[in-house]
Every structure is written in C-alpha cells, then in structure tokens.
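Which chain is which? They are A, B, C and D, in the order written, and residues in each are numbered from 1.
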Amino acid sequence: MSNSILELQLLRKNFGGVVAVSDLSLDIEKGSITSLIGPNGAGKTTIFNLVTGFLHPSSGHIRFAGRVLNKIKPHTIAAIGIGRTFQNVQIFPKMSVIENIMVGRHLRSRAGIFYSSILPPFLRNEEKLIRAAAEKQLTFLELEQYAHVPAGGLPLGNQRMLEIARALAIEPKLLLLDEPASGLNARETIAMGELIEKIKQMNITVLLVEHDMELVMDISDHVAVINFGRLIAEGSPAEIQENDDVIAAYLGE
Amino acid sequence: MNHTDGTFIDVLQFLILGIQRGSIYAMVAMGFNMIYNATGIINFAQGEFVVLGGLMMVTLTMAFNLSIVFSFILTVLFVIVVGILMERLTINPVKHPTVLRLIIITIAVSIIIKGVAMCFWGKGSHYMRHFSGTAPLEFFGATILPQTLWIFAILFFVVIAYIIFFNYTMTGKCMRACAINRDAARLAGINDRKMVMLSFALSAGIGAIAGIIITPIIQMDYARGAMLGLKGFGAAVLGGLGNSMGAVVAGVLLGVLEALGAGYISSHYMDAIALVILLFVLFIRPSGILGSSEAMRLKEF
Amino acid sequence: MKKRILILSMAITILLAFSTPYVFAEPADYHVGCVFAVTGSASWLGEPERNTAEMIAKEINAAGGINGHKLVLHIEDTQGDNTRAVNAVKKLIKKDNVCAIIGPSRSGTSMAVLPVIAESHIPLISCAGAEVIVTPVEERKWVFKVPQKDSDAVKRIYDDMAAKGIKDIAIITGTTGFGAAGRDQLKEIAAEYKINIVADETYGPADTDMTAQLLKIKNAGAKALVNWSIVPAQSIVPQNMQQLKMTIPLYQSHGFGNIKYAEAAGEAGNGIIFPGGRLLAVDTVPEDNPQKKVLVSYKEDYEKNFHEPVSTFGGHAYDSLWILVNALKKVGDDPAKLRDEIENTHFVGTAGVFNFSPTDHCGLNKDAFEMLMVKDGKFVVLKD
Amino acid sequence: MKGKNSAGFFALVISIIAIPFIITNDYYIGVLVFAAFNCLACIGLCLLMGYAGQISIGHGAFVAIGAYTSGILTSKLAWSPWLAMLCGVLIVIVVAFSLGIPALRLKGHYLAMATLGFASIVHIVAVAAVDLTGGPSGIVNIPRLDLFGYVLNSDTQYYYFSWSVVALAVFIAFNLVNSRVGRGLQAIHGSEDAASSLGINITSYKVQIFILSAVFSSISGSLYAYYMNYIDPGPFGVMHSVLLVTMVAVGGLHNIWGALIGAIALSLLPEFLSFLSDYLQVLGIHYQPDYDTLVYGSILLIIMLFLPEGIFDGLASTLRGSKSFYGKLAGRRTGRVQ
C-alpha cells in the first residue's frame, strides 16, 4: 500500500435520498495512469468532485499522500498537489492563452494585493518567472502560436489542451482529467493520448474519466469500473475487457 | 386611563397598520416571483410598477374625475401595457444575457420609468381621495380606515385569483410548467417566450393594483419605487423566492414587524427594519425562512 | 490610446469653452441669483417663489429696468436638496457673477449655503423661516431673511393656548432644518408660558405614516398638539389623527402657509390653527392696515398670472426681490454697498412691515402674524 | 504598466496638467473636481465588477461612510482632515469586511439586492441618526484639506490634488490587474470552479477586492466632504450607488479606461445637457434639468442593449474597424451565455 498516492476508503456521498457514491474503496498507484469508466450517471464526476474538495463525502475517507482530504477546500487541495480539468471545458475565455496558464502559476508565486498594487522591483522578477514558466508549458503543449489569442476563441481541442496545460502549471503530483477526449476528432484524440503518456513520464500520476474505450485501453495501467456509485471491477485493461460484470453493466442486464 | 387596555389597543393598532403595509409588500413580492419563475430574472423595476399604478390612478380620479372602478381598470391596463413594452423592448431582444447585463437593464428601465414619472407628475407627492371616505371604524378599541379594509379585501381577491389562475387555467398551468423546467415545457409545445411576456404583464398588473390601493394612505410620489421594490424583494426572499404563497405570508409578516418596530423601537428606523431582515435572511438562509433549501439548490442563482 | 485620450480631452475642453455664454453678457445688466426649491418635496415653496420672481423681473424690465439697467435673474432649482443648493450658490457666484442672491426656500438649505456666502461676500436674502439663519447677527453679516421669525410664531401659538387654558401639550416636528429650529424654539419658550411639553416626537421628511408617534402622544395625555414642519409630510399628521380618532386641537407652524397643504390634509385638516402672514387672508385685513395695498396688488397680480391661489412663500420672494431691487436702485450692483443698504431698509411687504438694522436681519415682529384657521379647505382669520 | 496602458497613463497625466490652462472658469474646474471623485469610486467598482465579476449596487454607501466619518470627526471633534480620512478608510475596511464575508457568498441578483439593501440602510441611518449625522440638515463647517500646512483653497488647487489621487488610483489599478492578483480575479470571473482548482482562494480574493474598492469609494467620499465643506444625506441615496454602477457599465465594465471614461462622461453630462438646453430653447424645446434622470436611464439602456461591453470597447472596436463591432451591435456574440 505504500506505493499508492490516493486512497479512497468506503467513500459515500448522498444527495438528499440519492446515493451517488456508495461505500467505494480504491487505491491509485503512484506514477500510474488509472482510468475510471462506467455508464453515464455512475458517479465518476462525483468522485472527482469529492477528491478535489468541491463536494465533501457523507462518510468514508479520502487520503492523498497520507493526508486526509475530507473537509478541505478546493484551493487547499490544489496546493497539496492535485490538479484537475473539467468535463465541460472551464477555461477563462476573456483572458489570453498565456494568461490562462499564468493563473496556473498562482500557487508558485506570492504577491498579495498590496504588493501587486505598487509593484516593487522584486515582484517584477517574480512576474518574469511566472511568464517564463507559462511559456514553457505552452511550448510543451505546442500552443505557442496562440499565446496572445483570447482563450475563448480557440477550437475545442486546443481548449482542452489549454486546460491541461493550466493544470500542469500548478506542478501537481496527481492530475485528474475529466473526459479529456470528449468532442475531439480522431486525430486530436490520438494527440491527447500521447500527451497523457508524456505527462506520466513527467512522474505525474493521472486519474482519467473517459468514454473513449480505445483511448482508455490504450494508455491505462489500471482500470476501475463503476456503476450506480459502486466499484464493480478493477484490474488491467485486458482483465477488464473480459470481465462479465463489466460487459453486463455496459450492455444492460 | 386603563393602561393594560391601552397597550392591547396599541398592539392591535400596530397590527392593523402592519398588515396594511405588509399587503403591499406581499403584492410586490408576488410580482417579483412571477417574473423570476418565468425567466430567472429579478426585475429591479418592480417597485416602479407600483408607483406608476398609484400616480396614474391619482390623475384619472383627481384630474379627470373618473369613477374609481373605471380608473382602476384603466390604470391596471395601462401598467400592464408598460410591463409588456418593457419585456418586448428590453428583455426579449437580449440574445445572450448575462446576469449582470440583465440586472443593469432592469435598473435602466426603472430609472427611465422613474424619469418619465417625474416629468409627467412632477416631484411632489400626490394625494388621492379614499375609496369610501376617511371616517375611521372602531375595531376592539383600535381604529381602522375603510381604505385599509379595501386593501385587505383586494389582497384576498388577488391571492384567490392567483390560485385559480395557476391551478385551474391552461395558461396558468403552462406558466408553472415553464417555471419548473423551461426546456421540457418548450418540448411539450408551450411557447415560453409568450409566457415570459405574460409574466411581465401579470407582474405589472399586480404592481399597479398595489399602487392604486395604497396611494390614498401614503401619498404617492415618483421616487418611492426603489424602497417599495426592496421591501417587496425582502418579502419574496423571506417567503422563498419563487414561492408566491410564501411571499404573501412573508410580506404581511414583514409589514407587521415593521409597524411594531416603528412603535416600540424607533419610527425613524422603520424603513431600515425590513431591510435589515432582508440582509439577515440573505446571509443566513438565502432560500428563505418559508422556502425549502432543497428546492433552492435546483434554481440558478 | 494616447491619441484617443487627447482627442477626448480636447473635445471636453471645446465643449466647456462654448458653454459659457453668460460670462460675455453685457456689463450693464444687474445679475441677481435665485435659489428656490422649484421641484422636489418642497416644491410648494419654491414654485410660487420662482413664479413671483419671474413675474416681478418681467414687470421691472418692461418698465425700463432699474435705472436703465436690465434685471437678469439666474434661477437655480435646489430641488429642496442641500447639496444642490450649495452647488447652485457656488455656480451663481463663480459662473454667473451675481451681485446678490435671494433664497433658498428652506431653512436647512439656507444653513447649508451660509459658509459659501460668508466666504464670497455676496448678500443673501433667505426665504426660509428659521431664526438661526440670521442669528447671531455678527456671524451673519451677509445674510438677511424675510419670513417672520419662528420664535414669534411659537409665541403666537402659545398666546392662543394660554387664552384657551391649555397647559399640557405635545410637539411633533420634522427632522429638517425648519423643524429642528422650531423644536428648539418650542421647548425654549414653553417655560415662559408655563406650558408643559408632555411628548416630543419627530418624523423624517419622507415618512408616510406618523401613527406610531401619534399613539405615544395620545397615551401621554396631551391636550393640544403642535406639528412643526415645512414639507408635505406634515399634512399626514391630521389624517393619522383622524384615523386614531384624536380630537385635541392641532396647531401648525407658519410652514403650513400654502393652501395645497390644507387640501392634501383633506377633511381631516378642518380646524387646524396656525400663525400665518396676512397674505393668506387678504380679504379680512382692514383697509387702514399699512400692508393692505401691497397685499391686494400682489395677490391680484399673482392669481391673474398663474391661476392658482397665492401663498405665503411666493410672498417671501416678493418681499426679498423688492428689497433687493430698491437697494439696487439706490446704490447699484456693488455687493458690499448693497449689503449696507439692505441693512438699513424700511419696507412694507407681504409678510409685514420690515425694519432691518445692524442688530436685526429679519426686521419683523410678532404682529406680522395673524392666527389663521382651516375651514372647509380655506384659510380664515381666527376670531377670539 | 506597459505598452498602450502606460501611453494612456502618460496622456492622462498630461491632460490633467493641461486642462486648467485651457479652462479658466472656476465653476467648470469645480465640475471636473466632482468628476474626479466619481472616477475614484468607479475605478474601485470596476475592479470589483469588471475584473472580479461581483456586482455591487452599494458603493454609494461607502462613499457616504467616508464622507460622514470625515465630516463628523473634523467638524465636531476637530480632528485633522487627514487623520479623519484615514479613520474613514479603517471604518470602511471593517464594514466592507463584515458585509463582504456573508454577502459575497451570494451571486448575481442576490448579491445585487443585498448591496442595494445595505446602501439603503446606510442612507436611512444618515437621515435618522440626527445626533450623529445632523439628519437631513447635514453637517456644516467641514474644514478644507491642507497639504503640508498649505490649505487647498482654490478650485484649481483642489483640482490638481484630486486628479493626482485619481492618477494614483489608475496606476494602482493597472498594476493590480496585470499582476498575479489581477489574473486571479479575472479567473474567478471566468470560472469559480476552475479558479479554485488552480489554488485560488475565491472567498478571500472576493473579500479583498471588495474591501479595496470600498476603500477607493471611502477616500472619494472624504475628498468630497473636504471640497464641499458641507454634507447631507441627499447625494448619498440609493440613486448614487446606481449612478456609480451606471458610470462603470456605460464606460465599459472590463476595462479601467472604460470606467474612467464612463465616470467622466456621466459627470459632465448634466453640464452638457444644461448647455444643450440653451440651444434647444431656441428650437422651442424647453429642456429642464428634471429630464436628466431620463437621459441617464436611456443612455444606460441603449448601451446595455447595443454595446454591452461599454463605450470604451465600442470605440476601440470602431477605431480598429473590426467587424466584431457590428457583430456586437446585432448582439450575436458567442461564448457569453451564462
């Protein structure tokens, strides 16, 4: 167990009378790409929201690198080292592409409202570092030519890339990607798969929710299948592809 | 003088006064709710409908010497037309509304209505004769004006009409459907744009009625809209935004609290009492004291 | 960006430069400023004042002006708002270069503009009632006022109460400048008449309901009520009293002197007693009264021109403008000379017979008042 | 600050210095002084509304608190104007903090109504607390401001002083919006969820910017009190708060220059209208200052319907000759649905 970075223990979330996540336990291995799959409404995004502090569990525990995350707010969780993207892309449409990524450097810089207002010399240096780091991410994702374009004007594929670049800018240990390939064409999906593998090579653990099975089976080290808020199977992609419960869940009983 | 009796009569007097004021807040709150349910918009010009109703009624009865009933109908129709114009000209054309933009648009409309009212009716306050005389009636030692009875009766009538409309007529049911789920209602063949227009018309109508019945008592002037609107909104929030029966109860409650506050705390801060309650409710329980927080979560803020 | 800002600032500059037509007006004209609450909650004061001032200026200019100088009035509307009044006075002095100012209509507004007047050394003849506007006279070198004194009004009210044997009274006053000044006077003078104030309530100028205050007054056992205010809210008091079936006599201040207030009070207003100028009951003023001629001619002119009943307040504008015109006739438009001239004026006006002096910038005494009563929506002189 | 903004700033400073040489009438300089007060409040409001996306129809209340604190402390307790102004700022920080913590959890209409209610309460207190505020009669004899023992007596002196404060505020605002904090605020406006997933403490940022904008308003109020030497509740009604929002919205929510232009334009509008009325008179139209309210409302409505990004953006687009301007006129912009 010492090798897992995120542990979910008997995690449960109720909305009024509806149980969205039901006593779910799951370990995510450090440095792996783990995928959560399951039908719509299975509770995958709820798990993401629980891990990143947007929702708080009704019972059970979330442990990240040994620390319990149950009641911690999203911004603190980001500071602990968990980055995420959103199912419906949430970039900052009015800001330029580079500024979007610069927001991601928030945790790696310190200037408060007072110093920002008067801009003393030592802050100019910090500002330069922020910009340099953002440019590095841009280059990594090959978005340099869009640097000064308002992010809202980018095509969807690039918006998803930008969202990942922004999440990477906080230098997370764990990255949660919520359907990164949805709405992308075949070529873009392949590029996305390559990107996720590159991220893994940077020693960042990836937790993925995705409906594109080809992509999931291609890049995942480990797959967990969820239905009605319960874990119904987990294992390597090959094991999952042959699991009867999974086939039943996907085809309907 | 018997002081125990005196105290009782005072309280009774304040209660009467409070229910009278509260009836107006209740009607303003109902107006807020109608538009909110149909569109998710809070209409900042709601108070101006009340003012327009009051001022128009003053002109028709005092300057043109028309009968009360005839002026009443004419005034309500006039304000309904204003409400429809507002929706057609300023809300309907906005294709990609943001909350901020809609807020500012309704504020702009309220400024314009206020400006027009000031140009037509001037800045002074306007008084109007009571519907049926000013000789007060005895009521368990307290006194009550005939106009106050009119206000109670008309509020009662409006509430009944409201219930019948929304529960027993097709159009009313369609409006409710739109309020619950606009997309589903549209799929069911309901013309939601028309419902929005209708909601503005009805809400303007209710505002006008409120203005008409209160004017003989408070003397209307062009600038009263903002305060009436704010207090009406307070009632709407207290009753749970979107819940019109809650709004009626909350409006009356707010009026009574205000009257008791004026009597036993300070009459100078009377207007502030309703606003302080509004802030407290917003801060502690935005879903309203009488509304359910579960239902609130489903609504967009 | 820079260019755009420059264009903008140039545009503004040109705009402003063109909009100064008055500065280049003929030097021979006499420029007089008027600050009245033409609109707003005190419009029943300011409107007749403006009408009167315009009427007089027209008359004077039609007759060839003042010693050949045309009289130019610069009328500013304060809307009864103190801040607007201060701005208006600054504008009149700085932009329109007036030699004297008449108004403002309200006591609060007058108090607000005093510092500007003291600083700029321009004479001001206020049309507002409160006595503090012109006292202490050492600090009010440039300020005069034409309405009757509020202390005299209080004395007339207390005289009437004393005659009727009323000892325990309640007062209810507006929180405006006029009301606050009246409240001070009512309390101060009460001791002199051995009158006992059993309840002291106030209301704001925008209040719409005084039931709460009146209930307290009712419970305090007062035998009469004095309602001292200048704004329309004062006419709600008699209505609320009627609603509460309160039958004690209601006294109003001289701020009630517009028939519209009585109309607004409706039938509840019947029987209200208040001290007012003779202008409100011209018909009952005896022929030998020195004011009779002035009163009749002003009333006829005003009612002929504007088709509405004359009011005390229009009379204040009449008095102040004529006092100023008489001074202009004698000494020209030098502000300092004007001030000295006004300070020694003797003038028979609508409010009474004025005798200004270096120690008295009001010039009227309590004989300027008659006790009036509202009867069937009209003012009549109260006979003992 | 850099690029276009520093050029703009330079132009602003030059204009500030040059205008009194062109306009010599004290009255108009006085009008520009009032414009400066509005600019100051609007810059703060623009940071809050345009950048952080939080509406406030209550900033007139902060102007009032600044003005009244200054007025009361200097006239009744004979404090130094500077100390009184500082005290006003401190009080506003406390008030804005206590109001901001619960209020900024609300969104959209609720926040708008809560701030409007707050503004209304402050106005009621100003009218009713007669012993403290003088009630409707207000406070007289507020001293003038002195600068190192040198009293700012003339309008021109006060003009230079107040516009220097505005220039400083513009400088601060531009530094802020192009900094880490500014990006954080714009991120909150863009998407609160995304912002917090990047480690931005939304509540803290919203409250901080709310306080900063309130402080701008408070200083504007104090300067107003020292310039007028007199205050009463009249100018601090709910309508003043609405007017400030109008200025920012008309000029352009998303740009400091927009707020500045909106504030200047609407502050000068009554003068322009009274100037226009002299000419309309010739045409037989009797324009009265009463119609000003109507004109304000109409301008606001027209801008919101046809140029929702404000005059500044509209102007900028026209100057660029961009097609998107016409797109905006037709209201066909995408990606703005909320």
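Just so it is clear, contacts are C-beta pairs under 8 Å (C-beta built on N, C-alpha and C of every residue); 3 or more make two chains touch, one makes a residue touch a chain.
Keep in mind it's a predicted model, so treat the numbers as computed, not measured.
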item: Chain centroid nearest the full-protein CA centroid; value: D
item: Centre-of-Cα separation between chain D and chain C, whole angstrom; value: 36
item: Whole-Å gap separating chain A and chain C, where each centre is the average of the chain's CA atoms; value: 74
item: Gap in Å, rounded to a whole number, between the CA centres of chain D and chain B; value: 31
item: Multi-partner residues of chain A (at least 2 other chains); value: none
item: Where chain C touches two or more other chains, by residue; value: 39, 175, 202, 204
item: Sites on chain D at which at least two other chains make contact; value: 127-128, 130, 290
item: Complete list of chain pairs which touch one another; value: A-D, B-C, B-D, C-D
item: Residue ranges of chain C in contact with chain B within the complex; value: 39-41, 43-44, 79, 175, 201-204, 207-213, 215, 219, 221, 232, 235-236, 239, 242-245, 263-264, 266-268
item: Complex interface listing, chain D residues touching chain C; value: 4-5, 7-8, 10-12, 14-15, 18-19, 22-23, 25-28, 30, 127-128, 130, 135-138, 140-141, 155, 228-232, 234-235, 257, 261, 264, 268, 271-272, 274-275, 278, 289-290, 315, 319
item: Residue ranges of chain D touching chain A (in the complex, touch as defined); value: 172, 175-176, 179-184, 186-187, 189-191, 193-202, 208-209, 212, 254, 335
item: Of chain A, residues touching chain D in the complex; value: 52, 54, 73-75, 78-79, 83-84, 86, 90-95, 99, 102-107, 109-113, 116-119, 123, 126-127, 130, 152, 163, 166-167, 169-170
item: Chain D partner contacts - residues on chain C that touch it in the complex; value: 1-6, 8-9, 12-13, 15-21, 23, 39, 77, 81-84, 86, 90-91, 94-95, 108, 111-112, 114-116, 175-177, 180, 202, 204-206
